[in-house]
Every structure is written in C-alpha cells, then in structure tokens.
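In this document, chain identifiers A, B and C correspond to the written order of the chains, with residue numbering beginning at 1 in each.
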Amino acid sequence: MSAPDIAALQPIQAARPWQRDLIGVAVILAAAIAGYFLFPDNLALLTRIIAIMLLVLSLDLVTGYCGVATLGHAALFGAGAYAAGIAAVTFGITEPLSMVAIGAIAGAVAGLVSGVVILRGHGLAQLVLSIAVIHLFHEAANKASTYTGGSDGLSGIAPDPVFGLFEFDLWGRTAYGFGIVLLVLVFVLLRILVRSPFGMLCRGIRQDPVRISAMGASVKASLIKMYVISGAVAGIGGALNAVSTQVVGLDSLSFTNSAEALVMLVLGGAGSLYGAFVGTIVFMWFEHVVSAANPFHWLTIVGALLIAVVLFAPKGLYGTAVTLSQRLTRSGP
Amino acid sequence: MQVFFSIGVDALAYGMVLFIISIGLSVTMGLMRVVNLAHGAFAMIGGYIASYAARDLGLGYGFAIILAVIGTIIIAIPLERFLYRRIYGAPELTQVLMTIGITFCVIGLANYVFGPTLKTIPLPAGLQGPVDLGFRTIAAHKLFAIACGVVVALGLWFLIERTSFGVKLRASVDNTAMAASLGVRTRIVYAASFALAVGLAAFGGVIGAELLPVEPYYALRYMVTFLVVVSVGGAGSIPGALIACLLLGAIDTTGRYLVPEYGEFFFYLAVIAIVWVFPRGLLGRAK
Amino acid sequence: MSAVFAVERLKKSFGGLEVTRDVSLSMAKGDRIALIGPNGAGKTTFVNLVTGHLQPNSGRVLMGGEDISRFNPMRRVRAGLVRSFQVTRLFSEMTPEEHIGLAILQREGRSGRMAGSFRAMPQVMREMRNILETLNLSALATVPVGEIAYGQQRLLEIALALALRPKVLLLDEPAAGVPHSDTFLIENALAQLPDDLAVLMIEHDMDLVFRFAKRVIVLAAGEIIFDGSPQAVTEDPRVREAYLGSYVHASSAA
C-alpha cells in the first residue's frame, strides 16, 4: 500500500466513529423505548440499571481505559448519592437537575480523594488501598448518621418536578425518562472524551506507563484527572439513584457494590463503553430473575459467572462478540 | 494500667491469629505472584469444618483442628489444580476477578449449607476460663492463640532457613526460572507451599474463631485485613508479616477499646496511612 | 563551542560499589557519538543518571547551559532530552499513526485535550505522515503495533523519538533484537535523523558504530577511558585492554 492510498482512506477513518456513535445513541434510545413498553411494571428496576450503568461506565474509564484495578469504585457512586440526598433532605435543594449537579461535584471530589490515595500504590498495595477507601467511606457514612441516617439509610428525599413540569410519579415514568436523558448525555460526552487526545493518552498509560513518561507526559496527573471525571460520572449515577428511589442506603457505599460493578464491567468487556452497557444489563437482569427465584444462590452464581468469564471470555461478552464478527468479516470475502 | 494490659494481650492474640492466617498468603504471593483474594475463604472453611466436627459430631478440639486443616487442604487441591494454575502470571485484574469469584462462591455455598448464623467451636475445658499469671489473669484461649503464633513463626523459620525444602522455596521466590533451571521442581514447590498456606489459614481460622467469628461473610469481612498484612509486611517476608500483624492487631484492638462507636474507621485510616508511607511494604523488596 | 548537552563529573555508587566515577562529556549540535564499553562498564547506570531515573551522588547534567540535575525524567524530556529503549516500549493495541499523533500532541502540550482528535488537525496529520514516510512506515500506519514485525517496531521507536523534536537523542541499542541482515534498515533510519540533532548512541554492534558515529566514547569500570575518532579507538591500548582484558579474564574464569 502506498502513501496516497492511506490519504484516500483517511476521510473514511475519520467519519466512521461518528457514525458509530450515532448508531450507539439510536440503539440506546430504541432499547429505552422498548424497555418502557415491554416492562411497564419494572421501570424502577430499569432506572436502577441506568444508575448502575453510569457507575460501570465510570469504572470503565479508570479500569478499562487506564488499567487501574480498583475494588473501591462505589465510593464515588455513594458520594454522589449521599450528596444529592443530603442536599435535598438537610438543605432543601430539591430541584432534580441541581441535585444531579451536586452529585456530580461530590463524585468528582470523591474521585479526586480516592484517586490520590489509590494511585499512591501499585499492584497489591493499590488494591488494598482501594478496598480500604471503600470501607473508610462506608464507616464514615455510618458514623455521620445525623446527615446520612446511618444504617437506617437516608429517606425523605422528595425531588421537585423536572423543569417544574414532570412530576416524579408512582410508576417511575419520569424517573426513567430522566435517567435515559442523563445516560445519553453522559454517553455522548464520554465518546468524545475517549476519542480525544486525552483518551488516547490514557489508553497509552494502560499499555505502557513508562513509555508515556518517556514522552514527557505525567502519568499520575493524567490518571488523577481521569479519576475526577470518572467520579463525576459515578456521582451522576448515584444522584440519579437518590432522585429515583428517594432513599440512599449504606449499601451504595459497600465493597459488594464495588465488586459487582467490576464484575459487570468485565462481563461486558472492559475498555469499551458498549461493553459497560452490555455487562450491566445482563448482570442486573440476571440478578433480578435469580434473586427472585432463589436469593441464597445469588452470590454463588456471581462467583461462578466471574470464574467462567475469566476462563472462557476474558474480553467479556461485547469484546468477544466484536472479535468474532471481525473474524467473520475477515474470512468472509 | 489494667486497660493497657488488656489491650496489649488482646492485640497480641489478635495479631498472632492474623499472622497464622496471613503468613501463608504472604509466602504464596511472594512465590506465585498471585493476588489471592480468596485466602480468607480457606480460613473460613477451616472454621466451619472444625465447628461441624466439634459441635455436631462431638469430636475433641485437637481432632477438630486436624480435621479442619486436612479437610481444607483437600478442598483446596482441585481449586489449585483447575483454577489457580490458570492465573499464575496473568494480569492482576484477572487474578483479582478469579479469586473474588472463588470467594463469592464459597460465601454463597457456606450460606446455603450452614446458614447465615455464627458458628462456634466449643473450646476444651483447659482453654476455657482464665489463667493466673501471678500478677494478672488472662483468658486461656488467648494465651493459646499467642503460643500457636509463636510456634508457627518458629516452625516456619526453621522450615525455610534450615531445611532443603526451605532452600528450594527461597530459591523459587527469588527467581523461579533460575531455580527451575537448577533442577528445583518448582511445580511441586508451588503445590506444597499452596497446601501449606491453605493449611495454616485453616489452622488460624479455627484458633482464631473466638476473635474472628465464623460466619458466611468472614471471607469478605477480613479480606482486606489479610491482604494488608501482606501489603504492609512485603510479600514473602516472614518478619515483615509478623511486624505487620502485631501493628495492625494493636491498631484494631486499641480502636475497639477506645473509640468503639467509630467501628473500623480508624483501622482503615491506619491501613491507608501505613500503605501510603510504605507503598512497597515495611520490609518489601523493590521490584 | 556551544554545548547543547553536557554532564559534569557525574558520580554514582550503590552501597560501596562505584558504578560511575567522575564521568564528564559534552555534545554539540549535530554530534553523532557512540558510547561503547564492555558488559558491566556502567552504561545502563549512565543512561539512567542522564534521564533522571537515578540521582547521582555528585555531578551535574546540563542542557544548553541549564542545570537539569534536579529535573524529574518527565521535565528532562520536555527540556528536549529524549531517549529510545533497548527493548521497544510501544502501545501494542495502538497504530503507528496514533503513536506519532500522540507524541506530536504531547510535544505541543495538547495531549490533555478532552475533545477532538488529531485526525481532525491537518498540520498534525501532515507532520505525522512526513515522519512515517521518512522512516518507511506509511504502509503500516493503521496496523496495531502488536501485529507488525520487530524491525519495524524498532523504526517506530525512532520515529516516536523524532516526533518529540528532541535537542538531544539518546539511542539505547537501537538495533538490539534486529536480525543482522536487517540492521541496514535501522542504519538508513539513523541516516535520516535531522542534521542539527545531537545523538548519543549506546551500541554493541561495532559495524553500526563505525558507520554511524563521528566520535566514540569508551566507558569501562565506570570511567571514560577513550574519547576520540572511530579510527583511533581500535588502536588505543587502554581500550584494547578493557575489552580483551575482560575477554581473557572471562574465558579463564569459565
């Protein structure tokens, strides 16, 4: 292939990602509408799935794109949830968009704090720090019961109608629509982010941090920046959960929540926003069905699922599907 | 003074139990470079077996301990053979996922088989009640735990420094490829140290059942505690692990005595502080 | 003479062992210097001292007269001191295009931008294509690096360094791992380096050294024992002793 050929290919290369994003948005909207009509009685569950999706997307940014292994990511989600809840209950800020903004800011701050702590170590130390961070957040929320309600949870969150028009109804229709809009917005912004120079820099950090610093870029500063962004995304998810369920429980700041988010990400395929979507939907729907049938076995099944993914589909469901389809198209013509 | 003494004894007993359970993890991490989040699950399995043997079958305490150690090793062998061997040398995230998967499975199964309640391991008459040391009395089972910790530490020291297995083990920890080329059958060293690690975890799980009560979420609750011992002590270092255990035991026990209403807040804060100051561990070697 | 790069009386010891003793050298624009020395001469330590991955016990590192001894490795790169690696360090899932694009953006301080893409930046694309063209990598521009041959990865390693527009380039065994029959590829690439760039190459392959270098420095036991023309190096008695002496010693020990 000679140089002019490459030049001729270029416009196609540049156009293709945008088309894929439009298709992505269309698929999300189509799935959202389908969900609305297929499961009208399960809108609360669907909204919770959206909130958790935001957490898993956020985790994908640091784990999938930057290669940081963390078991403490729910700290960012929980910080957003509690901040939005406390803003409503204690300070009377019940306007939903403001609550989401407060959640995003709190998540970003939590992301900054846990990023600075977790990135201090490497390997095992990093993992230990991440677990210690989530436990620390959990204990702190438990102790600060005046604001958080402690182990009883924070209740009495009563958000205003969205734009003063759409009241949060009993069936969760408004919450669902609100969640879908947030999700699409975040998705579009994150697509721009992961394709940007900064996104490329972060992918480079995951593949070889030594090379990145030999190029004169700061690995740590970049990772902390990503942690802050990731925190904002998780915080939006937490705030959405607080707005839609109108309660915040200590379980949102739990180790289990962190670990499950990681399971969802890996199940779907880390390093791809679509993988985060697929993993969350499959996992949570599965959880819904299984724990209705036999709650005792849920943890056993999650464990078995994890082992199976590691052994048989290390790229996750989405990653494996992409590889398969590439193999098909390559051998096709 | 009384409080100070009580804290001291409790901290020492707790630290020694931590040491017995975690030292195996430290050795296998140093050797196989596997971040094994399921290590606490083996201690928990040991606790369950001993409880079943002593309480439900009415066997003696010593017999229950032996049964727990052997039973846990037997359970662990297929796990090592079919799951752990797949992740030696794999990226850390893979190891984390696999071993956390194993942990979840064990918790789910324990919950199903034994139910969510605490399981006690009845102590023999000799370990119940206090022992008079002349100037103070302390609970016999705590004294027993401390003694066990000392015996394990000395036994391991002897095994590693004075036996041919120890030589092979140290060589494999230092440089597996080199040891293999010198004729050490590293696979056997791996398997033997894995069994030793699991057996010690089970032993610690039984001995420490009074301090770390046996229940399904045991494996998750103390996961970070065991990991932090290795992280703080430095993987593969026995003195490092011993210091880390005593330090963490002291911090945790002091916190429980002095500020119980804060739960484990200060414990985790201390963990972060220690790892922050020593990201490579107290006695860990630079990579 | 205007030294673009200099080290002054660099010393480093580990425990009691002096690995670098009193090393001084200076480079001018356009220099092509080869640093050679027997195994254990302290070449790796010297590289790490220069790049800032190790701190010397005493001595200074200067760029264009400015003391950069206290700079961390990242700031040294930004000051124009760029290195390549003995074993290629590339991003296996990224394409040569992305490697070079990222390097150019990093050099221009735009690698932190969170929107847009270098593909939409015409002058970045132009420069990227030029660099890939110069090193004969155009055909592989969009292939993930993990899928291209090692020799070409070595070229990309050089391309990456060039994209950072260094003032001083430290090439750590640029032909390591490349089959002898293919070293001409590396040689051709090195011949394309900008004329005003000062290059310090650490290399074992003496053919490459003689063809590339205008000046040879020999490091042995942590000291510079020779600094002169490639023609004179083989005649120097101390060099002969350092190499052949260690050879004789090694063979008698074996």
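Everything below uses one rule, namely that a residue touches a chain if its C-beta (ideal position, glycine included) is under 8 Å from a C-beta of that chain, and two chains touch if they have at least 3 such contacts.
Keep in mind that this is a model prediction, so the values were computed, not measured.
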Going by the stated contact rule, which chains contact chain A and chain B alike?
none
Per-chain C-alpha centres versus the global one: which chain is nearest?
A
Note: chain B sits from chain A at a C-alpha centroid distance in Å of 34
Separation of mean Cα positions, chain C and chain B [Å, integer]:
48
From the C-alpha centre of chain A to that of chain C, how far is it in Å?
42
Sequence positions of chain A contacting 2 or more other chains:
none
Sites on chain A touched by chain C in the complex
1-3, 6-7, 9-10, 13-14, 192-193, 195-201, 203-204, 207-208, 210-211, 213-218, 222, 225
For the complex, give me every residue of chain C touching chain A.
51, 73-75, 77-78, 82-83, 85, 89-94, 98, 101-103, 105-107, 110-120, 125, 129, 133, 138-139, 141-142, 160, 164
What does chain B use to touch chain A in their complex?
29, 35, 83, 86-87, 92-94, 96-98, 100-109, 111-112, 220, 223-224, 227-228, 230-231, 235, 261-265, 268-269, 271-272, 275-276, 279-281
Quick one: which bits of chain A touch chain B in the complex? Just the residue numbers, please.
63, 67, 69, 71, 117, 120-125, 127-129, 131-133, 135-136, 139-140, 142-143, 255-256, 259, 262-263, 266, 270, 296-307, 309-311, 314
